[in-house]
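Each of the next two complexes has chain A plus one other chain: chain B in the first, chain C in the second.
On to the complex of A and B.
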């Protein structure tokens, strides 16, 4: 789930890469291997999508196209309430994480006191902590306080986990922004708040949108944290799918899975494309990566 | 504007110092809500896990804090040790496989991707934002005894069929599939940053492309490989979904044990002790990792 963080590393330098082609001959092994890799990467996803349209109740024999599993999914009140729960969790967690993560990024870029640096370090720890540890910790925290597990506890846990992602992406954008612009705004009579509102926020807006979309996608799909912190009813969609696939094999799960895949692909694709709409010429991947 | 210059200018202006002080205070206030959130919901909850690992389950089945080492003593038997060692073996195997799969892929995209480079990286990243659970579920249906893979094997003559699920191979394959992107991206980034003249010089020096690759390219991308090792090892060691969906009790990892203690045995103190063991293992790994990267930084 830490794809955004590592993507931070993935910055492209176009000038050298074009020259690079001529330096080495095409190693056929690496190219063929990569082609095979991409096939294997997509096979399970294609199979899920294909069998979600299967007219038979089988996961291995394809009997022609049908939308029966989608009809079943949209008429299943349990799955529908889980879908609504997941959408709600992802929306609220996105807003919460954006607010807190942006505050954190703005403060860390400008305050270099010892406590601020400590907070900066602590805020990176969730990124290198396996989700099961975060999940166990959140579960014990909530039950220790005597809180009833519900969608609220899921939302709190998801925000805690997403703040770091937002902070990393927004800090990347902030650090590439010249401090002089804000300085100039203040020289022209802006208060600190006005400079933040009218200069800094518009500049980091593409990063905020990308971070928001990514957090939505991550939280919407997240299973482990939701599994540890959810109550009984309604359960988030991923937790519901988990309990269903352990009990029975139902092609309706393929339909649910296809819808979930569509949501995340759409969000991630948007977060890649949006910087172009803002007229940034550099690679849109830089934005996901916080460049 | 350099900070020295800023300070010098600021000193000459009346009221300027006061302004910069309020500005810092403003940013200080901004830090407060996220810092408070992280301390309340993250730091303190981790401390609760550590505290409860020394606790007990009282007569009516409720967890209670304490100062007992009983949970850790309970972990010192062969059943648990087998699972610890198995988790380590699976995770290390996953890291090694990710390295051998990820390096050629990163290399081909970085050096031969041409104008499709960004599209290829996007095609690589997008599936990894799709639900991990759904992707593991997809493999479990593909690899099942009546799944498509076995059907394909049947048509080419392997009439007996091959049992994939419930084997260590399936669990490791699931982990590799789940986390290989975390290996590819840092290697790709370090290949992109690498100075092209190094390869040219290597060609002149060694003639053979293969020798150039091992003497020049691999050392120059060591930081990327190390980054990938960290990013794959951390989630792999704590995973329980792959072993749950593609494996069985004979392939359970430490994550499955933790999950069992919380949802089946209802022994939260023992589950906490298991979680602390997992955190300690990762901490030891991080210390070695940081040493290795520091050495790398000194050498270069």
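On to the complex of A and C.
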């Protein structure tokens, strides 16, 4: 069968035969593989979402739709305090990382000495370090200093971890902004601070928003770093879910998971959409991937 | 300029005696580490003139401009702006504005916001800002684009916004850093004319940095030719073109036929042995090394006038340029002169000279420029 196809195609031009093979020959494998990838990736998530609406207590049999697990989640004081803790951690980490990361980015873009380039490279290390290494290191650091593990230590660790993301995204935007732009601001009557306030920050605002949302999403559902650096009470939501699962498996966890998923997806979507609203074609993800 | 300011400022006092320059640079020097980029520059730029700093890249012209604007600190020397020593004054307090090479527009603001930026910083009231911005947009022919964002504009339009944004502040001096370099040739020629017209209209002193000699010649009231951090020569376009004082000036503006030899008794003897009559220069010492420059269009190939210096040569190449034809003529081994003839009657040109023809070259003694 394949032989006859090739034989007939041999009569057509070379380029056509190429195009046809890519449509008829390879796709089956490519499509199947891609489909399998997405099934494996998303089916568990879909199951979690579906079972969060299960009317039965079972985690394997679906007995019809109900919102009882959401009600239970919102009435569970322990989960609620963990949710509040996670929201607080993510908010503070977002602000802290934005502040420090933007300052780092500004410094790295302004100064072009050899040490500055070295700092620039080193600042990327957290992006590639396995999170568990960062987590253990943070734990050792805090206990070495004699700091009591609490939400404060989680926040410090999360800020440290997130600075790189902010710096990378903001630098991407800054590097496309000519240094003459700030000089123009000073030329037109701004002090250095006013140039930052009235020109630089508004120019990089889309990148700041994207970086902030991304950091919030990353920190909000981060488990590894939070697990190593948190105290006992209240625990971040991700850590709380983990400890609950070890004791009893309640379908309310599905409801919690679905809520977290919704928040994360919303934030990442916003971080992609907002730069486009400002009319920029390159989004934060393009910047991360170096595009 | 108040009297108290004059008393406190001896430089201003001296300058105020007769027409005070808009800018006076005194021994202005900039060093980056060991490298001297601007070397003890002394220069007066008059009020209301279109002044060009012309030179190759790396000659220090942009650094000079940046020091006048305040973006770069002078290593040594003084910058006097409108009678006031501004050498250590912050850029935002200097009464100069800059048009940047990259335009440096504020992307988050529309055209109106960009142009009104400086006035808002000064705290003018809104109706006044609006009035002056509109007036300026009218001047640069952008009245219909007030609410466009910079990214929606073409290169030429961005250039006008940058110009309007600077001019609207009515600075003492407008600094322009190669503002036309990024435009294509046709647009550049149009903007040259427009820029000159706008300058005449507003009457503000323009200091224009360029490496393009045509641009400098056509637009400027005066030109300073810079090389290696020094001013080689300054003067009107005609001055620097017709009477170059250094070899660099002669070579950088237009093309020049440069010849160096020994002078004695009104004859210049080149290394190759060629003797060129050099009448009318009694000031030259006998036996001194002398360089002369002759512009290609000042050399004739026919219809000589009496009193012309005439030497024979052989045509080695002809290049047709449309309005003109360029001939390369060998007058001695290793001595090749460029001659530019206008194609006044193209039909006649056909039976003029081709490669290998023996010709006679002639020039008027007064068209020979003696350089050092």
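Just so we're on the same page, the second predicted complex is superposed on the first by the 248 of 291 C-alpha atoms of A that agree within 3 Å, B and C clash if a C-alpha of one lies under 4 Å from a C-alpha of the other, contacts with A are read in each partner's own complex, and residues count from 1 in each chain.
Methods note: a contact is a pair of C-beta atoms (placed from the backbone, for glycine too) under 8 Å apart; a residue touches a chain by one contact, two chains touch by 3 or more.
Worth saying up front: this structure is predicted, and the values here are computed from it rather than measured.
K.L.:
Which partner does A:39 contact after superposing on A: first (chain B), second (chain C), both, neither?
P.N.:
Neither partner.
K.L.:
By the touch definition at the top of the document, which applies to A:277: first (chain B), second (chain C), both, or neither?
P.N.:
The answer is neither, since A:277 touches no partner chain.
K.L.:
Among the partners chain B and chain C, which is in contact with a greater number of residues of chain A?
P.N.:
Greater contact footprint in residues on chain A: B.
K.L.:
A:203 in the overlay: touching chain B, chain C, both, or neither? Say first, second, both or neither.
P.N.:
Touch status of A:203: second partner only.
K.L.:
Considering only the touch criterion stated at the top, classify A:183 as touching first (chain B), second (chain C), both, or neither.
P.N.:
In the superposition, A:183 touches chain B and chain C alike.
K.L.:
Could you tell me if A:71 is touching chain B, chain C, both of them or neither one (first, second, both, neither)?
P.N.:
In the superposition, A:71 contacts neither chain B nor chain C.
K.L.:
On the A-aligned overlay, A:130 touches which partner chain: chain B = first, chain C = second, or both, or neither?
P.N.:
After superposing on A, A:130 lies in contact with chain B but is clear of chain C.
K.L.:
Jot down the residues of chain A that show up as touching in both complexes, chain B in one and chain C in the other.
P.N.:
In the superposed arrangement, which is not itself an observed complex, chain A uses residues 180, 183, 186 for both chain B and chain C.
K.L.:
Given the complex with chain A, which residues does chain B contribute to the contact?
P.N.:
1, 19, 22-24, 26-28, 30-31, 33-35, 37-39, 41-46, 48-49, 52, 101, 104-105, 107-112, 114, 117-118, 120-135, 137-142, 144, 146-148, 151, 177, 181-182, 185-186, 188-190, 192-193, 195-196, 199-200, 203, 209, 224, 227-228, 230-231, 234-235, 237-241, 244-245, 255, 258-259, 262, 268, 271-272, 275, 278-279, 282, 286
K.L.:
Which residues of chain A touch chain B once you look at their complex with the stated criterion?
P.N.:
By the definition above, chain A touches chain B via 1-3, 5-7, 9-13, 16-17, 19-21, 23-27, 29-31, 33-34, 37-38, 40-45, 47-48, 51, 59-60, 100-101, 103-104, 106-108, 110-111, 113, 115-116, 119, 122-123, 125-126, 128-134, 136-141, 143-144, 156-157, 159-160, 163, 167, 179-180, 183, 186, 192-193, 214, 217-218, 221, 223-224, 228, 238, 241-242, 245-246, 249, 253, 257, 260-261, 264-265, 267-269, 272, 283-285, 288.
K.L.:
Under the definition above, what is the set of chain A residues touching chain C in their complex?
P.N.:
Of all residues in chain A, those touching chain C are 177-178, 180-181, 183-191, 194, 198-199, 202-203, 205, 279.
K.L.:
Report the residues of chain C in contact with chain A in the complex, numbered from low to high.
P.N.:
Residues in contact with chain A: 69-71, 90-92, 96-98, 100-102, 104-109, 117-118, 121-122, 149, 151, 165-166, 169.
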